[in-house]
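Chains here go by letter, A, B and C, matching the order in which they are written, and residues are numbered from 1 within each.
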Amino acid sequence: MSTKTVWTLSELAEMLGAELRGDPAHRICGVHTLTVAGPDQLGFLANPRYMGELEHTRAGAVLLRPADAEGYGGNALLLANPYLAYARVARLFDQTPRPAAGIHATAVVSATARVDASAAIGPHAVVADEVVVGPGTVIEAGVVIQARSQVGRDCRIRANAVVYHDCVLGDRVSLHSGAIIGSDGFGFANDAGRWEKIAQIGRVVIHDDVDIGANTTIDRGALEDTIIHQGVIIDNQVHIAHNVVIGAFTAIAGCVGIAGSTRIGAYCVLAGGVGVAGHLEICDKVQFTGMTMVTKSITVPGSYSSGTGMESTVSWRKTAVRLRSLDDMARRLRELEALVAKIQPPAEPV
Amino acid sequence: MSTKTVWTLSELAEMLGAELRGDPAHRICGVHTLTVAGPDQLGFLANPRYMGELEHTRAGAVLLRPADAEGYGGNALLLANPYLAYARVARLFDQTPRPAAGIHATAVVSATARVDASAAIGPHAVVADEVVVGPGTVIEAGVVIQARSQVGRDCRIRANAVVYHDCVLGDRVSLHSGAIIGSDGFGFANDAGRWEKIAQIGRVVIHDDVDIGANTTIDRGALEDTIIHQGVIIDNQVHIAHNVVIGAFTAIAGCVGIAGSTRIGAYCVLAGGVGVAGHLEICDKVQFTGMTMVTKSITVPGSYSSGTGMESTVSWRKTAVRLRSLDDMARRLRELEALVAKIQPPAEPV
Amino acid sequence: MSTKTVWTLSELAEMLGAELRGDPAHRICGVHTLTVAGPDQLGFLANPRYMGELEHTRAGAVLLRPADAEGYGGNALLLANPYLAYARVARLFDQTPRPAAGIHATAVVSATARVDASAAIGPHAVVADEVVVGPGTVIEAGVVIQARSQVGRDCRIRANAVVYHDCVLGDRVSLHSGAIIGSDGFGFANDAGRWEKIAQIGRVVIHDDVDIGANTTIDRGALEDTIIHQGVIIDNQVHIAHNVVIGAFTAIAGCVGIAGSTRIGAYCVLAGGVGVAGHLEICDKVQFTGMTMVTKSITVPGSYSSGTGMESTVSWRKTAVRLRSLDDMARRLRELEALVAKIQPPAEPV
């Protein structure tokens, strides 16, 4: 959260490296969509599809590609990537509380933990033996960091998240509330029908600049570590099982589940609800559309899907019944083809 | 939780507006299914399918539709909606602890928070700066309410739930344990392969009488608010992304995921495991059956589905293989139709 | 966590009941995969598929089936089930912190709770009125156990998990962080469009030796109890609705959802992402492959599946379109068969 609340267009232009067109002294104290933004707010046109909104916007200024600025008479900040510029501007108006450095009186911090003086430890947080917390890091209320785990610099661990023992978080890692890092992987040996637990003695290692959503869980490795590489972004309610490796800059949307020992490449995108089976290798730059069931390794970059399209329930029921006789249909089609092939086509009329 | 533990049938009849048939002085101290209920318990027949159980029930009295009461000789409370009556009666026997008003000694409540004197704040709860907590509201152990959020009257926030800053909860809102309200939406701008976080500066606004299940997450808006309208009920482990709007009295079952900026109408029902893509508009009174993948907007009320029926794994494997050649089958069927059309049917026998 | 850190092969052989081949005095201080294990670590060959790794392993000794030991010259511990032996050995090297018995100064424990002297209650944990905590049980930081619940002996409740009131946990039950036991089932009666909450007055009863993953939720029963039988293992992010019964030794992988009143048999395996509709009966020894949608009861043990195979998104789109005309294709195929049947096959060439 910034303490400055008003910016002039010239200040913003300089910050963003934008070409300013219009009044450099115009004051901006917020950012919003083109339809909602008022005269003291910045709007942005990231998707040419919304070009029509430019005409009616009341925004005090607009972030625009030079090519889209033709015919727009208002204040404008021209730059190549308005969406990225919006990301940078939004940060200025973020009201997320920024706690002061120091350890709250109710926090329980082990005498053997090393907490940087510039870090903030919130109410009722627990920082166990030999934990390391880096400079500028914020550990919010109710967070538990268990023995020997390391949290880098400028991390933000939101309220009630948990990091189990011996895990490693790099710098600028963000964990949202309810995220659980380092819980036991689902490893059991079967002993004549009974399940015997396998102690999970690997760790979770999270590299720099990783963002992890609310109630997401990442299990510790069985023997090897579970590894999340640099710049990975993970949404809410994602389940990442033991020994999984996620390549750098991969994006994982909500409700995805990734089973044990699977390796996902870099620059992949997993849309919401995707399920990935265990022990697979997914190469770099693969996209999965929503709810895809991934049961095979992938070696060719590109987009992959599964599932059936939505219909009215009435017609879906028919489709579902037919599907079960698809194998039969295929066989009958083949027989019919053979039969017809044997029938001489009638002679053409003379 | 009520402190009264025994009711006479006449008391219950009056409370429910039911017609009493039988002994008005009969004492009831519980409610159960027809098969289990004993002589001091109330049973209920909500579904005519279970009519057969009426014959053998030992229940001290039964909630019944008048039409279903024919031939039932025991004590009965006759009313139009026995299931609704059961809902009202069950409340009498609810043993959920009801903490006394006041702030627990271990709670951390900011000096700038305004907590109504009739509210209860549990052990180790954290109520941050400028938070407002209304009359009769219960904030249980370990709950964190971050800066400037407002919680209305008669709400119940169960243990270890989290409400981020600047969110609004109306009256009689229930959050179950582990529910996270106002975590950041999954908004990132791509900068040459790297993800740049977009500060999420909208709020979550939850209207009156909303019920939210355990470990459900509702992200704050990017710019606009995420809005849950009046009377919505949401089960466990549901993920609601940023900018989503849920219309009044819609029901969302467990494990549903709704992607960003989608608007769901009023009086909809989403069964378990449904996934809804982003930026869609779903009109009022739509039902989705379990695990439906919703990828298009819907303008016509009714029931919608997707997915394939369960088979033995052996036959499912065949179906799955055939499915991948479905396009080919369709083409061959069309060719065969053309071929057969060219063949003159043989002359009818004279 | 064990305090002993080094074992000789003869000690391990005795512990595991294995036949030792090689140097009985060889010292082992860890366990790892065949590829990673070094001279002071134990490796194991559980799956003959990895036989090739045996040749190059640097492991100080290997857990092996006698039949797989042919031609392996290194130290070996021979036994029938190397994977089970690995499970037992891994426990020796588990570094999970083991807190000392006693109640942390910051824990809030009701005067009417009965906590065994050998149990450990962590920082900021809350143990409410009339709760019972058995010998050897560990309740970690931030855990909340609500009124009258019972936790057996040698249980481990990880940080920030929650057990609602009146629930019962047997002996050696493990709850991972964020797990919620006993939240309200999703029960509402519809009153002219509005939802009226049905108080959930059943309990959750968890039998001995049950393992429950991070952020898993198990709702309390509406009237009857929700029951998890002995030896069941449940992974992360699983949702188990009210009145569900899970039979003994069943395994439930991540992201599974089971709707209300369904009964799952014993010795079943539900792979990740499976969804089970409500009010079903699944017999013993049923397996569901990943993401199966279960909408019917099952009376025959075996493996069941649903869903479609993954394709490139381009070909998947074609398949999805064709699927919607499957009913039409089936009808046309039947018509064509009838038409062809009417055409006399040409006489065989003489």
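In the analysis below, contacts are C-beta pairs under 8 Å (C-beta built on N, C-alpha and C of every residue); 3 or more make two chains touch, one makes a residue touch a chain.
Given the structure is predicted, the values throughout are model-derived calculations rather than measurements.
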| item | value |
| --- | --- |
| Interface sides of chain A and chain C: same vs different residues, half threshold | different |
| Turning angle required so that chain B lies on chain C, C-alpha fit (0 to 180°, nearest 5) | 120 |
| Centroid spacing, where centroids are CA-atom means, of chain A and chain C in whole angstrom | 25 |
| Interface hub residues of chain C, defined as touching at least two other chains | 106, 124, 142, 160, 178, 215, 237, 255, 307-309, 311, 323, 326, 329, 333, 336, 340, 343 |
| Residue numbers on chain A that touch chain B, as the complex places them | 31-33, 36, 81, 83-84, 86-88, 90-91, 93-97, 104, 106, 122-124, 140-142, 158-160, 174, 176-178, 209, 211, 213-215, 231, 233, 235-237, 249, 251, 253-255, 267, 272-273, 290-291, 307-314, 316-317, 320-321, 323-324, 326-327, 329-330, 333, 336-337, 340, 343, 345-346 |
| Residues on chain A engaged by chain C in the complex (per definition of touch) | 106, 108, 124, 126, 128-129, 142, 144, 146-148, 160, 162, 164-166, 178, 180, 183-184, 186-191, 193-201, 215, 217, 219, 222-224, 237, 239, 241, 255, 257, 259, 275, 277, 287, 289, 292-296, 302-309, 311, 315, 318-319, 322-323, 325-326, 329, 332-333, 336, 339-340, 342-344 |
